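First subunit A sits with subunit B, and in the next complex the same chain sits with subunit C.
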Partner chain A sequence: MTVLTQSRKPRFAAETMTPYTFITPAILVILGGLLYPVFMAFYLSFYDWEIGRDLAKAPFMGVDNFVRMVQDPQVWEVLWVTLRFGFWTITIEMTLGVALALLLEKPIRGASFFRTIFILPLMVSPVVVGLIWRYLFDARIGWINYYLGAFFGIEPQVWLGDADLAFFAIVFTDIWQWTPFIFIIVIAGLQALPSEVVEASTIDGANWYQQVFLVKLPMIKSILVIALLMRLIDVFRGLEVMLIMTGGGPGRATELLSLHIYNRAFDTQQLGYASAISVLLILIVFAISTAILTMANPMKSKSDV
Partner chain B sequence: MNDTFQRQLYHYSALIFLALIALAPIWVMVATSFKDDVLVQDGTPLWFFFHPTLENYEYILTRGKFDRYLTNSIIVGVASTIITLLLGGFCAYALARLDFKGRALMANSTLLVRMVPPAVLAVPAFAFVTLTGVDSDLAVLTFFYTALNLPFAIWLLFGFYKQIPVELEEAAIVDGASPLQVFFKVLFPLMTSGYAVAAIFTFRIAWNEFILALLLTGRTTRTLPVGAAGFITDTGIEWGRIMAMGTLIVIPPLLFTFFAARQIIAGMTAGAVKG
Partner chain C sequence: MRHVLKKGLLSMGAFAFVTAAAFANPYEKFEGTTIVVSWPALSHFKKAEDLVAEFTEETGIEVEIDALQYLKLRDRQLLEMSKNEGEYDVVSWVVMWKGEYVSKGLLTPLSQFYTSGSLVDPNYDLDDIADAYLQNGGVVGGKKGYMPGKSGAMYGVPFGAETSILAYRKDIFEEQGLKVPETYDELRDVMQKLHEAGIPALTSRGKTGHQITAAWLLHLAPLGGKIFDDQWNPVINSPEAVEAAQVLREVAQTGPKGIPTFGFGEAAAAFLQGEAAMHLDTLKIAAMSRDPKLSKIDGKVGYALHPVGSRCGSETGGFAAGIPANAPNKEAAFLFLQYMTSKAGDQRMVELGGDPVRISTLKNNADKFDEYAVVAEQLPCADPDWRPLIPEWNELNIDVLGQALTEVITTDKPIQPIMDAANEKARAIMEREGYYLWQ
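Now for the complex of A and B:
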């Protein structure tokens, strides 16, 4: 305890005991509710367990589930759907969010009111988001078909029954819900920039474009990267909106990796095989999270200040 | 002068346009919930109308099990929020203020476990149900939601503890206060805004979550999102009723947004901007 620490921390008499009493309850819950299930997923991935079969009698498969996964065209198909979905949603959300933030960053009266409105889509339950957009995209009574017909003379489309259109529909829905997230984060980042730097570039004669691309965006680069990675993780985590809107169909056109695991487990009832795909999902999300952490871990960097 | 006026005009027009895009789909839901089936099936968009009907709400509130679902959602939401704040507050306090072995490991892994996808939890949760036979206990769902929310809560509260000057606690410790006394008497009053942010995020997840609720609840323990999804049947969707249900589900999160938008934005941006 005589070791010099850089940080100032209050010293209690019984210092060795106390911290553990404070962290143990939380650790126990996280172990039981998050890490044990993850361990369980690894464990189950080695068994051929199906709904209705006694888990104790499920045959041990070794790595068969994983071999099957690598050769499974369906897994590759949903991975491809997930990546395409991620590419389109994140590209459009980042572009729109950043562009709007740059255009609207100047503080004006009422800005906080508008920001309140903008975060509303983020607060709506995913199930409800799925319901709303399933209704709007409905082939017969959906408002989107109506307006496309009224304004552009476009024939009614079976949005959620056609592979390409359904994919477009879930991308569109995601953009509606998540562009505000990027917008809010980028605006916060821009307003936190030291005003001297921006003023200096003005004095140096930089025009608006130079200021944006040579000064502002480079200075919030880490924020942009973290926002992008957070959205990427969400792409791999989300399933509820698609489950309600399309169930993953038609075919597997809107079946993201998470939804595929869910459908495998509870639709085709192959729990062991679904667990093997879960392991793949865990590894992907783990890799992206590690990337975020190496770039910015607030708990690590701040703790030694 | 004229130039600024024009720029402000553009600025406000853009903001209003974007606000309408954000609001329109939510309003469509609310409007549909007040339409009778004839009006819904007609398919002509009707944003405002003169004869709203309450029959969808009447049906849901009297003939569905809405009161039961609502009670379940409130119980699970409130219970998991309180437990998350208490345990998360303790843990964040230790991480922010105390020295102990394993502190660095814990600080690093907290954010990693936060990212565990719900789909990964689905099969193990189902295994838990079949192995133990406990398939409709609100306590189980509360436990999972607490686990799901703890990492983010710890991380958020950690940031708030770090903003409180250490001197306050030092003074209390010199006066002989125990860690628990410091936690509740000195720090708690200063942490209220932090707890408010954490509470909103925790409650929202518990209130909105669907997959685990679907797997871990039975006929009498369903939460609102599971109840709403129940209106989707093979024979079709009763849009008026399901939209009424959706509207009722959305009310609490929307109220939070209007009363605590600043805190929500703080919680959202904490991850990216402060780091």
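Now for the complex of A and C:
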């Protein structure tokens, strides 16, 4: 009895320890690169600190920053902008991306050419995207005003200086850049579908509509969920394009939550308050991610592995 | 081995001592030193690169320039200057940051160098530098913390400093039979007439944040307005302030398309590309209009004083340069600043297409450039209280005024309620920062 347990125990420990040994480096990286900054953001949100002052001497604020945040109409204003932005961009991107993927799924002539073209915007760095569209939408020298005037006789518009037009402009730019992302993920999913199922549905007499909505899309549901999740997180993270195109203006019409945090932290040097808003951002993204993953977890079927 | 090393060090020390006693010129001691300069990517500073090269050739002090978009300088400089040991030896700041930098203890008082006979050039003549520029950019801690006064100390010298003048298209004014405006009433009248003739009148900055506030301040001072009264009560909803906002709205309505998106660069470009008849902002526009790379209107530009409302009041702004508290090569940095703003350096800046900071330079070159006589006449009107250069100004500038004024020019809502709301916000900030504890 005692001999048995003795001979078993070390083997049992070694077997269970091996995977943990292998994931230790990854955990360390996550701890250092992710949890530490998040912890610092929490820590800073209880203080009033500006760059250039000694952090150790920063006055402790308690929950003042959080109280101020909840009462700050500007925070709710930019949150509303962010949600509207997320709704329009993600809805249109998902629809367009899936539609394009279904169109270019079959080996038609030039499909690979179109695929490459569609993916190009994804390759451009956000800073460059911001610059390109800022000049395209420019009221004075922009091509958009020029061609709208030349072909449709439309008066030049101050695209980035009018609250509604500027909002439209950033939504448009985001769709231009991120539809290819949905497209590329969906087309990969579609091509990985077992051809037997599709053939079987054809033999059973399913029409195109039935094949898409009852066979193909349900089968790539988990991929769609992942794409949606990543876009949603991106919406709350996105900053560079708006920073360059509009700087958040006019007013706060295009100021997304993360840009608001950036402006608070660096323009007005309220790093403690900005950290408090970042905590809100983390909570929102965490809540949305959890909600989506509970509704449709792509890993669920494999969770017992 | 150790003995040999010790001996070697000793003899090296002795050698250094001997050479120290025999310097041929004030720069020799620093030959081979490299100083790092942080300044804006603006026309004046690009032109100054030639003078920097001449400085290196003459002194043997190498200079590395880190040029950034001017509003991005603050983030970078604050980060660098808050380290224990910084990279920058010279930083150039927009005058509105001086209070913040000094209150955080990030700059070296220049008095540290002015006590050293081996560093100070006896022919430098500090009094020749335009007083408005020196006080506004370089002196901190005077009256109200930012204006001239006995409690002030010098932290920087103006380089790329400016005031505002009116630049106008001579050809357009002649063609339309218009008189160059001297008062705000005339200016508003001219704007309407140009607009009716289908010509975009006055270009202006208008982008949300710092830019639109700067545009409004240009009208606020001559119309008799201020940001605070003497007890730090905000008065940005006064009749004068509301009138300035009204002028800004008219400017946006009669000026070139896109003013709500214009920063300084875009506003200037509209004028330089011939798409606006007037530019009422920094004097830097004059040198820019002579640069064929930037301008299509060289030779067509006339200059006049900033129009007056109830008083004459023009901008005090632009840049000053100083030495961070954590700079590695402070003395070489001081020599650099002194060289760039010396009488000879200032004259070279004019020849290179930059803007002078010395009264003598303005006078000596008055016959060469049209705007110099105007600038010399404008300088006494440059308002040292043009904007409150207090640490809280950044938040008021960007978050309060920058937002309210956007509402003024992008909507047609009544202006008074917008400014009333902004005034309340400004008061709350001042309250939070403890300005009313003495009342």
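Everything that follows uses one rule, which is that the second predicted complex is superposed on the first by the 241 of 305 C-alpha atoms of A that agree within 3 Å, B and C clash if a C-alpha of one lies under 4 Å from a C-alpha of the other, contacts with A are read in each partner's own complex, and residues count from 1 in each chain.
Just so we're on the same page, a contact is a pair of C-beta atoms (placed from the backbone, for glycine too) under 8 Å apart; a residue touches a chain by one contact, two chains touch by 3 or more.
Because the structure is a prediction, the values reported are computed rather than measured.
Judged by the touch definition given at the top, the superposed model places A:G62 against neither subunit B nor subunit C.
Of the two partner chains placed around the shared chain by superposition, subunit C is the only one that A:T268 touches, whereas subunit B remains out of contact.
In the superposition on chain A, A:G205 makes contact with neither subunit B nor subunit C. In the superposed pair of complexes, A:R140 makes contact with subunit B and with subunit C alike.
By the document's definition of touching, of the two partners only subunit B reaches A:L35; subunit C does not. Contact with neither subunit B nor subunit C is seen for A:P107 once the two complexes are overlaid on the shared chain. Within the superposed three-chain model, A:V158 lies in touch with subunit C and out of touch with subunit B [touch as defined at top].
Counting the residues of subunit A that each partner touches, subunit B and subunit C differ, and the larger count belongs to B.
After overlaying the two complexes on the shared chain, residue contacts for A:G249 are found with subunit C alone; subunit B is out of touch.
Once both structures are placed on chain A, subunit A residues 140, 266 are touched by subunit B and, in the other complex, by subunit C. Contact residues of subunit A toward subunit B in the complex are 5, 8-12, 15-16, 18-20, 22-23, 25-27, 29-30, 32-38, 40-41, 44, 49, 55, 100, 103-104, 106, 108, 110-112, 114-128, 131-136, 140-143, 146-147, 176, 180-181, 184-185, 188-189, 192, 222-223, 226-227, 230, 233, 236-237, 239-240, 243-244, 257-259, 261-262, 265-266, 271, 274-275, 278, 281-282, 285-286, 288-290, 292-293, 295-303, 305. The residues of subunit C lying in touch with subunit A in their complex are 75, 78-79, 81-82, 100-101, 104, 106, 206-209, 256-261, 266, 269-270, 275, 394-395, 398-399, 403, 406-407, 410. Contact residues on subunit B toward subunit A in their complex (touch as defined above): 8, 11-12, 14-15, 18-19, 21-23, 25-26, 28-29, 32, 40-45, 83, 87-88, 90-91, 93-100, 103-104, 106-108, 110-113, 115-127, 130-131, 143-144, 146-148, 150-151, 154-155, 158-159, 162, 166, 169-170, 173, 178-179, 182-183, 204, 207-208, 210-211, 225, 228-229, 232, 237, 239, 242-243, 246, 249-250, 253-254, 256-258, 261-262, 264-265, 268-275. Residues of subunit A that touch subunit C in their complex: 50-53, 138-140, 156, 158, 160-163, 246-252, 263, 266-270.
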